[in-house]
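The first chain written gets the first letter, and so on, giving A, B, C, D, E and F; residue counts start at 1 in each chain.
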């Protein structure tokens, strides 16, 4: 409760006040201001970017892609994760995903986008106040031409903002898999707010902001790493942070003593399928246009997911005698994670190889967990941390000029550009370092300030009743 | 008055019910239970974790009958529910001191 | 049964016959006939509307928006609602949503669209026979130019027809929340058919038809009220009707005596998430184009939903000590309802304020229910009636010229146009009056003719078995 | 196990090797090579096809359509089917759908697309090696103009490939309904691989390849049959094969003795709704563009589904006294199946008639099953086989020049072109023959080689535990 | 010590519980069961197939009380659970040879 | 022959099962139940409505053992299932007049 008073209320008031204020004297951004951001942060240059007018086709694709990525968090991820916990915690997991959709969206509009994509702040390290409260983001119509400003390539910048917002939401939601079934809801909220501000925003800036030091689209980047759709920003960062969470928060009561099987694999399967579908928005949408690059990403993404499904379930079949549906679903997600950084940089046939590797490697990673004995409840690290890292590396290997419009030079190792492997490695290292250190510091602090875990009593009763005063299923 | 409790296999329920009604039993109460015994459980695997499930789904019938019908009822159950495989289940018989039908307040055999 | 004979069969035959007839001599509409309807009924003028040719981008966005709005009714609303009832009525609720998808679609094609959007009928009050059986709605290709006619702005009119059909479906489906768990299915069907004909069609005409007296896009409108995506037409009308239903049909057996908790909140959460996703089609789609106006609506919609989530769950947290997932989901829906009329008229930052108000006000409205003692089972009034009314008012407050292409004059109170508040109030009043009176009359009549409720016996047994001869879950 | 060793592993290795190979020396296709395939295989000519440049709008619509069709298989079909089986087999059904998404996607990329759509093989009978390993399918940018090649009309050919891949996935998945609850998983996989290669690919070539002998878009076609979106290729082929499966594999243990009610109709309803939504991608997407033809298909599809819902549930209401949700859902699917071949060829009002017929005929077909006594567990034949055949015939009846851009001549019976009925009949016959014979031969062989059914023991225990070592729900 | 087992209708549970606590019963254990008896089942139809469901959902209460309270408890249940319609349910009374409270190890009446 | 019925906490099931098998019990039947007693329930809130849930999830074990093993079994259960918190549960012991193994028809101790 103290927390709520100390935190929730002020936030609300703050928002209302500033929202209002921002609204009141929100100046129509000068077209110049918009021009400054004509090149897209993510991914290689796109022929369309030359033309400044709004393309209805690209806009349509980006609107639906934004919706698809939101759908990934809920119902997608919410179902995928909630099916894996025990019945008494099913709502706990769903609530984490759903509530984050609420709070993080507001944060992104207020300052997140500005910190991540602003170019007026701390150079290649972090954005500034440029876009606070969506200042200079929302569309206006120039008096003279009637053209829309500001644009981001062929789409209104506001769509780029909301599309990136969906990434900002799902990334911390992925971490829920590590501390599931035992974390205090209040601490979870505060942790996520801090993490997304202090870890996600900087990392997104490094990799995707026009002046980010890891942005392959930034000519001046120190280490131009390929991260088409967020392998480092989304998956490595969340996966590594998940590992730290699992280590610091400790095991669930009864872990490794009593069985803790997934309570509803039908949900997990539906969730995985929705993630698969949504991922088309995540990866193909990262072309920021409805073009051939998006088509390449779409195909590569789908084939990697398919190959991952076959690889993981196949590995189980060979090594254990039975392919499981959880294996098939996990393999699909692993494949999707692994292709994320390379979707727009590799040939789709390589996507099959990447997917196969992802399925087998992540399968082994999840098996290893038992040996190390940490309790990454839903394998957020095993799938996103390991898969994301593998993907970043394999992207360096398989990247090819063939799929990049206008690219003349060799891209990946297989084309002889071994230098790219260094960039990829640096990108991975940076994401791991920032994620691990940031999470470590935040959790240590919060543990001291408000405690990470619910009481033993509450944990035994389940998060649904103890944290939210509800039951998931009442079938009587 | 006796209460017969029989733990049997799921898919035998229909047959047993029909056989019993054939044998003149007017009613019974059924509960979903999980049973542990000689019958070996099965393995389940979820990613890294592997569990042996040794509580197996069974159904428990509770049948209250007049003393004179017990033999019949029990034999019927044995006959129909038996597969010969481990796990067919058990029958327990207990004495009842009283039986009442809520609707009418009738007691004893009339209550059945 | 008598009902089926008296009603269902004739309808089928009627349709087959007329459908056939309509098909047989369905004249390709003259381009003139099409020209008559070139400006879109809903929302402010759109630059594109000048150009008559078909835009593939706008068409793509409207096709997918139509699909998204259908998805809102089922699985979206069906899941959201069915999770809130008791297990024995789960199919009853789903069936109401699903069956209405069937019957209302046919009605809309046969005469609904014509009544709502025809301009040849009773002037600003109701449409006529212009579009009966889709006459003059489906695309044809002009001999000369090969251009598609009829168009509606940059999309074929047929898409406008099918897009609006989805609104026609979901509106009465929302009312199901009020009479859930006790209404006779046959009566429900008849009531809905009459309600959608006598309440929805006129109201849609008033607000959206080219010559509607409340249509802000109609220069000649008596009270040009802003209703971008259906705050009055969809939410106020259904919400108010829901209240009347709850009052007239009476409480569920055992209401307030025995507990009636939601039987499956996981469904409710998934449903809420799908509603959120689908609402992008509902609101951003109301731009009828894939343009900057759609982008503004998209962002405003998302932020309002997010703010509503935080507000409702936050209010519970503060006032009851625990945030609940039902609260979070209800808040999201409340925010979405509330932003509906203003999505294309307000700045997205105002969307946050609107969402916060929605969450808090609707939360209180639902708590009040207990005091008044009517049994609006799933709070259709508390969320849609209250949220819709609040939204209409707040739209009048926050509407701004900044987001409307080509708008020169002040729009809302905050820009000093207090007159708009009157228009909004009249719009609200008209929707409330039509909805309340229409529902009252219809239910009184049907109560006399065929009875509103199932028998006590049937209600205790549950609607699934008694009305549909099925069980929702058989887990044995 | 032997199977896995004999089959799974080699496949993986094969793929990796060849994938690699294909990648290594994948020549950018000559523009000529692309030109060879400028006209789309499916559906009537489309004005756009003249212009070779990429349309962002059409591309956006086809990307999302591809995602929608994938969504039809999972979660759509997976939920629809898994709700209809007994609890102990719920994962078995889902796994069949999900695993096929994996394996078949890889197959399609490796050789499926080439066999089905290649024009260099066995003329009108089967494709060749033209597109093996996506050779000449993925987008490249011509040095000179920067234009994308290869194209397929106004979209990159790679999108046509991935869109068609989704059809390749769902078709065999439909057959699962017939052998549900008893087929060995390993045999199911092998059967599907062979069936999709030997039955689906040829049939798709006949109907949709530029030089297919049934392709109505192929001037040289022997019997130009209308199959806009796959009535013969997808539904008749799978439905007929399902019947053969049901006959050869035999009844489920206890069939017709003990009750086998659907264990979770809420899943079936959600699945049906998702199929309905996804079908817009399936049918309207078959226009391969976001144009008026797509709009017509969209509306016709929706109205047929709606009419089917009303017809089936209505029939139950009249004949049994109660409309059921399973009836409503089945009717929607029947309507969708039946409109599939004609969506782009008939007037939407005819779609209503087609939907009504579908609902009533398929309802009767499912009732008849009992009399014949075969155990088509989930009525894959009753709905897809019967509905698909009915649809092919009715398309011949109702096809009209009015909806086909640029069509001058009479199309269907109702316009006096009785000759078309012959073509439709030949199409139906060809699909039935190929499907029935192919399935018969394959199953007989596999029965001998590896056995079709699980052991009695395993069947009683349920496929979830016996085949996959998992349980669907653990609610304790 | 006696154990009272009462099979009643679902929607009577709350009332019965309250009435019993009113009558001085401190605890009870409730099980979801399905009952078969005089009460006719209902038909269910799924596409071609039609089933008669004759196992109806009921709840079973298990209440352990000192001998002297049995009469009261039984009467209370009858009074509250009765609707007069077929299907109200039954009450069975059995002797217990021992009762123990796990928390304290107390036995006999103290254990309740 | 005696039947031991023990109502215990969910999360104690595994331990109790293992301890009992250790003590020589060969089988048991488990049922999901909801219990009402001294242990206070919890509040649940759904929008406007607030409920107190006082039926708490428990598991009921039914264990049939030869008379001589009763003491052991009961003590084992008490030892393992006890937490000292209100709500640990109860143990009820009843006499059985007969026990039969369906598979073999064996009766009495052989049937276990």
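Please note the rule applied: a contact is a pair of C-beta atoms (placed from the backbone, for glycine too) under 8 Å apart; a residue touches a chain by one contact, two chains touch by 3 or more.
Everything numeric here is computed off the predicted structure, so don't read it as measured data.
A turn of 120° superposes the CA atoms of chain B on those of chain E, with the angle given to the nearest 5. Set against one another, C-E and A-C show the most C-beta pairs in contact at A-C.
Computed centre separation for the pair chain B/chain C is 52 angstrom, with centres defined by C-alpha atoms. Per-chain CA centroids place chain E at a distance of 18 Å from chain F. Distance from the chain A centre to the chain F centre is 47 Å, each centre being the mean of its Cα atoms. Across the assembly, chain F contributes residues 31-32, 34, 44-46, 53, 94-95 that each touch 2 or more other chains.
Shared interface positions of chain C, defined as residues touching 2 or more other chains, are 55-58, 60-61, 64, 259, 261-262, 320, 322, 324, 326, 469-471, 473, 475-476.
Listed in rising order, the residues of chain F touching chain A in the complex are 11, 14, 34, 42-46, 53. For chain C in complex with chain A, the residues that touch the partner chain are 47, 55-58, 60-61, 64, 68, 86-87, 154, 261-266, 269-270, 272-274, 276-277, 280-281, 284, 289-296, 298-299, 302-303, 305-311, 313-314, 317-318, 320-326, 328-329, 331-332, 347-350, 352-353, 356, 398, 402-403, 405-406, 414, 473, 475. Every residue of chain C that touches chain E in the complex is listed here, in rising order: 254, 257-259, 460-461, 465, 469-471, 476.
Those residues of chain E that touch chain F in the complex are listed here as 3, 17, 26-32, 64, 94-103, 105, 111. Across the complex, chain B meets chain A through its residues 44-49, 51, 53.
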